[in-house]
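What follows is chain A paired twice: with chain B in the first complex and chain C in the second.
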Partner chain A sequence: MTTTVERPLAKAPVAATRSRRPGRFRKHLWSYLFLVPLVLLFGGFTVWPMIASWWYAFFNWDGVGSPTDWVGLANFREVLGADAFWRAFWHSFAFSLAAIFIEMPLALVMAILLNSSWLRFRNLYRLVLFLPVVATTAVIGIVIAILLDPAGGLVNRILLDTGLVDQPVNFLGSTSTALPTLLSIDVWKGFGITLIYWLAALQTVPKDLQEAAAIDGAGFWRALRFVTLPVVTPIAIVILLLVFQRSLNTFDLVRAVTEGGPDYATDVVPTYIYRYAFDPSLQAPRYGFASAAGVVFGLLTLVVTLLQAPFLKRRLSGGKA
Partner chain B sequence: MKIRPALTVLTCAVALALSGCNLVGGSPDSGNATDKVTVTVALVPDPPGASQFYRQQFDEFEKANPGIAVKVLENPSDQQLNAVELMFQQNNAPDIFRAQDDGMDRMAARGWVAPLDEFVTPEFLKRFPEGSMDPATSGLHRDGKLMSLPLVWGPWSTLRVFLYNEDLLKKSGFSAPPKTWSELERTATKVTADGKGKYFGYAPTAAKAVGVEMLADTAVPYSVPAAGIDYRTGKPATSSPGLVEAVELNRRMQAAKVMMPGWESWDGSRAFKEFAAGRLAMYPTPPWHVAEVRKLAPEIKMGITGLPVPDAGRGAYLPLTKSFSPLWSMSSKSEHKAESWKVMDFLSSESFHSAYYKKFGTLTALEGAWKAEAEKNPDQAAILKVAEETMRRAPNPALASTGGRAVTDALAAKPDLKHTDAAFSSIIKNQPFAPVAAKLDKDLQAYLDKTSADLKAKGKEGSAKDLTFAGWDPLKDYTPGG
Partner chain C sequence: MSGGVGLRLNRRLNRRLVRRNVWHLLLIPLCLVWIYPFVWMISAAFKTPREMLIGGLSLLPDEATLENFQRAWTTAKFSTYTANTITFSIAVVVMVLLVASTAGYALARPGLPGKKVFVGVLIATMFIPHGYTIIPTFIVVNGLGLGNGLLGSALAQAGPALVVPVLLFMGFFSGIPKELEEAARMDGAGYLRTYWRVMLPLAKPVMGTVALMNFIGAWNAFFIPLVFTLGNPDLRTLGVGMYGFYGQDTTDWTGLAAAACISVVPIVVVFLFLQRTFVEGIAGAVKS
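Moving on to the complex of A and B:
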């Protein structure tokens, strides 16, 4: 193997400049070969559908045959003028806000705790907190619906028995409680993975820095403030983007627990798109419109992400300094 | 240069792996069953237990027809149409597929449904009740061609019954079920109060406004809750007093916490489970719930009666708009039409219908397969009685004219103009329905006008006139042209 790749290199100095490129290509041929499946799959299942959806968005198309009924920007106008789309968008955004402002800080606190060497059974706690991440969402949906049932569900029984409420709480059936309930479940379900991100970030803090801080007399809080957090800040930015993207695209949980109801109180953009593309009650699916909604959602996500850019850049450079 | 042999080895390995995939994923029939024709049937595992039932039935069929193998493809109910459409697009269409009502029309509009007339014999038609296969009213024909075969009894799809738990009603001092909407409200209120959170008086069948629609069918022509249009006038009528009052009745009961909490997020099977568990005293429902309740609670004292009617008296009967609902269709792309027809013929045989009835308690399209037995079964006899008393033939614009079909298809494509979401919202948010209904009527009229204009511009038929049956009295049987 070694001989195989060394030969062209040995020839390179005597060959013309033209032949260097094929030589380098040959040198890395195996790497390129191993990349082929990824490129094919990524192209076929990510890039192509994305580009295709931009194209389909300009058609009135039911998903069968080739799109032929060109409608220009009509689908985009309809999406942008639909109250239901904006309602779904704000609900999706609420999932992101909950993840960023509740899940991330809580997970950081827990990660700091679980990163402490004095804590016994740390791995067990990590496992328990990570379990919801690997649990099937459909199963979670069924279990949650049973637990939260206002007519005899365990949670309501406890609330009633302890006198915390005098009427059962209709967690999933009321327009005022359904969304907060789903947000809480989403935070609980996503908590484990964010915790793992933070733990990985915390383990990048060099031990010698921590020891130096301790020798200099820094207590826990001062070490956290002046050593740990500055070191993990660049990784925190990546975590923030990952959590933001994941939570903005919440679909399976909503679909499994409320299907966007009651009265669309928990409808998010992915369920909104799904309804127009796949709802069997529609005489003909509206793939074109659903594609336009997807494109608009993608662009809005991009804008929201870019809005964070200056802040993130500042933090990133601060972190590096 | 040693890389070339390595590349050759890699290429061979990939080719071998791919051919392996092909072997693994290829049709099991391609290798060993050269003399057998495989007929593919795409269906849904519904009702519960249907998967095993169909397999057993097709095993019987295969024994009787050794040259045909039946391959079953199952899709979840709400994915069936999309899945079958994808199969067609990938040139991998099933030979037979299950597509109900609008679903069949959706497939037929794409040219994927084969007419069955060439296979049908007079003897075959004799299996069905007399006159029920008339192309004008069967519900299975499109443009005079037979496009589908039925599974269930004609009235089964639109029949609605009212279930009540005799014991729970008795506990609250009621010896009979409510006959009117006021009685329903009073009875439900009392039962819920007496239940003290352990059981409840009433709940709609499922989330959304299904329960409203069922009650409204006793007050206004069926087309009002179904499509927002009064077929006597061809005009939008969501704000009809009967429909508005049906919503208001539900709104009052919801606001007074009479209804079982949590119904707002129920799926289609929750109501019969709660009823069978003795936690729900009354609810309106399609008739298939009866057998499900009986399966879960064989000893429950379940009363089955007609839906309560408005206090002012019945304003309409439940509609019989066609003889049957379409269910089994043959693919126009099938390469084994003769064999597929044999399977469809089996699916319409008395033995299959009898087995289906025995397994699921569903009254099927071939009355001879179950009628004598059903009349002796108290639950099914009660269902038959309710159907007899509360259903009347009603006009069906989709079958009456091409224009009617075009306009009803257009209406079906705009579910947001239906009362459903607005009524549900009114009930759970405790807001009056009448103003919303008036706005829906206005929007619906505008949409109807636009649809008519669009159809006219394309040189097609279709206007409000096609939705108008001026002589129809929803309290009497409708006779086309009568």
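Moving on to the complex of A and C:
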């Protein structure tokens, strides 16, 4: 008797899971279907190219047909031995250094200033400083190149009129000034976005914490040192990574304004790769070699990022303590 | 006595006011440097080439002319480039919205097996430099037979731009109370219908942010459109067109200024109208 009563009871959960399983599967089936576009688009245009770069780097390949001429590590050896590659690498690195050591601290100072509620017109200032971010880099870069032109450009005219220089400065045309000029334009262009990052970070500082500091008699500097900066530090690391990534991929400005010249004085790795793969004046593109340059660049930046890691970790834990 | 205290207080307030206003002496010149290229660009676009040559520093043209715009619009083909840029940008926005919202919705389903792998891959690619993916991307697009159209470059632009939008949609959909979805299911709505009719309309704020950020990103894109229009100048976007124009004629400053206005003014206007959405989008991306 008891068994006959228990049996349906014991069966019930089994039946329930069984009927639930196809239901759950169907639910997930839909979810996987919804992920198909992502897999196709992101897989095809981001993940696969990352893998394929490595594969192509082992071939001598001009892009006609599929790669067949396996050359092993020859491309890598050529990249590592090419002075031009290392020059481009240091220039790319210079863009990172300018962004990290000039743009980031200045933007932080500006953010602290523009975050003060007593400052009038602060929204207007913020808007103006942000304007270059929205403008097309290639276009506004060319406009600035015209302003800096040695023959009749506005900046040189002012410098001559005020007697600061006797001869026009060929900002973008001379090997000694071209890179610093481009670095300055890059800081001008990117300043606004770093400013917004910092302002966002400053807004995470709790108001009551600031008030408590003020009540305890902490002045501006003490409040900054002991309240604001510790709260902001974890976000600062994210900002650092974002700024680092952006500056390493500098291409638009260099390609549009100087094309890496004069005499490769402003050549960066992306323009270097571009030249070997796509330059119209090229007789045959060297996809394999260009891919190898890209892979080496990727590895080098990874190393630089990892070198920062211990330092970042210390600051992160220091910030939390 | 009380008058003396009041005076002292007043003086201290005054000093503080002065100290605060000193900042404007720093900020105003700085902002002038920031805004000057834009002002010059607009002013030069209306000057005659002759006035530009003589080189008055005045920002107001002696006799305003529209000839520069005419030259840029027709001779330099900026009419075509504008149309291309609009097509390209809209295509990118539509693709990103569709793909990111569906993927974000799927990834927000509780207990989806493999979710961590997807999210992990997305985030990992953020920290790997993208500079070197251009060659395989170029080959994939050509392999699909899309090398000679704007669709190919739009695909190449949209693919890597997906990470942040997917994460934004995922975060948003995860935060929607389950009851709402259950109610939709009780009313007989299936998965697709729930997504399209219930969840997507709720996600309008996220869609706005994603659309605006990607529209501006696509409008200002240079590397991808440059590579994909090397063999076909008629497909150039505004940035690439400007580069071509400058390469052909570095001395037509007023024409270049007009072309720059055509490229930059529309996107700046879009930004000015929607700046709050844009700035909040960037800020949100950093905080999360």
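Note that the second predicted complex is superposed on the first by the 281 of 321 C-alpha atoms of A that agree within 3 Å, B and C clash if a C-alpha of one lies under 4 Å from a C-alpha of the other, contacts with A are read in each partner's own complex, and residues count from 1 in each chain.
Here, a residue touches a chain if its C-beta (ideal position, glycine included) is under 8 Å from a C-beta of that chain, and two chains touch if they have at least 3 such contacts.
It should be emphasised that the depicted structure is a prediction, and the values quoted were computed from it without experimental measurement.
With both structures placed on the common chain, the touch criterion links A:F220 to neither chain B nor chain C. In the superposed model, A:L154 makes contact with chain C only, not with chain B.
With both structures placed on the common chain, the touch criterion links A:I144 to chain C but leaves chain B unconnected. Set side by side, chain B and chain C differ in how many residues of chain A they touch, and the one touching more is C. Touch criterion met: A:G261 reaches chain B, while chain C stays clear of it.
When the two complexes are overlaid on their common chain A, residue A:L172 makes contact with chain B while staying clear of chain C.
In the superposition on chain A, A:L199 makes contact with chain C only, while chain B stays out of contact range. Once chain A of one complex is fitted onto chain A of the other, the partner contacts of A:L35 are limited to chain C, with no touch recorded for chain B. By the document's definition of touching, both partners, chain B and chain C, reach A:F278. When both complexes are overlaid on chain A, the residue A:W90 reaches neither chain B nor chain C. On chain A, the surface patch touched by chain B in one complex and by chain C in the other comprises residues 63, 145, 152, 278, 280.
The touching residues of chain C, counted against chain A in their complex, run 20, 23-24, 27, 30-31, 33-38, 40-41, 53, 55, 57, 95, 98-100, 102-103, 105-107, 109, 112-113, 118, 121-122, 125-140, 155-156, 158-160, 162-163, 166, 191-192, 195, 216, 219-220, 222-223, 226-227, 230, 238-240, 242-243, 246, 253, 256-257, 259-260, 263-264, 267-268, 271-272, 275, 279, 282-284, 286-287. Those residues of chain B lying in contact with chain A across their complex are 1-3, 6, 10, 77-82, 85, 88-89, 102-103, 105-106, 109-110, 197, 200, 207-208, 257, 260-265, 274, 279, 409, 412-413, 415, 421, 424-425, 428-429. Those residues of chain A lying in contact with chain C across their complex are 27-28, 30-32, 34-35, 37-38, 41-42, 44-50, 52-53, 56, 63, 113, 118-121, 125, 127-132, 134-140, 142-147, 152, 154, 157, 188, 191, 193, 196-197, 199-201, 203-204, 235, 238-239, 241-242, 245, 248-249, 251-252, 255-256, 269-270, 273-274, 277-278, 280, 287, 290-291, 293-295, 297-298, 301-302, 305. Listing the residues of chain A that touch chain B in their complex gives 3-4, 7, 26, 29, 33, 63-65, 145, 149-152, 167-168, 170, 172-175, 178, 258, 261-264, 278, 280-285.
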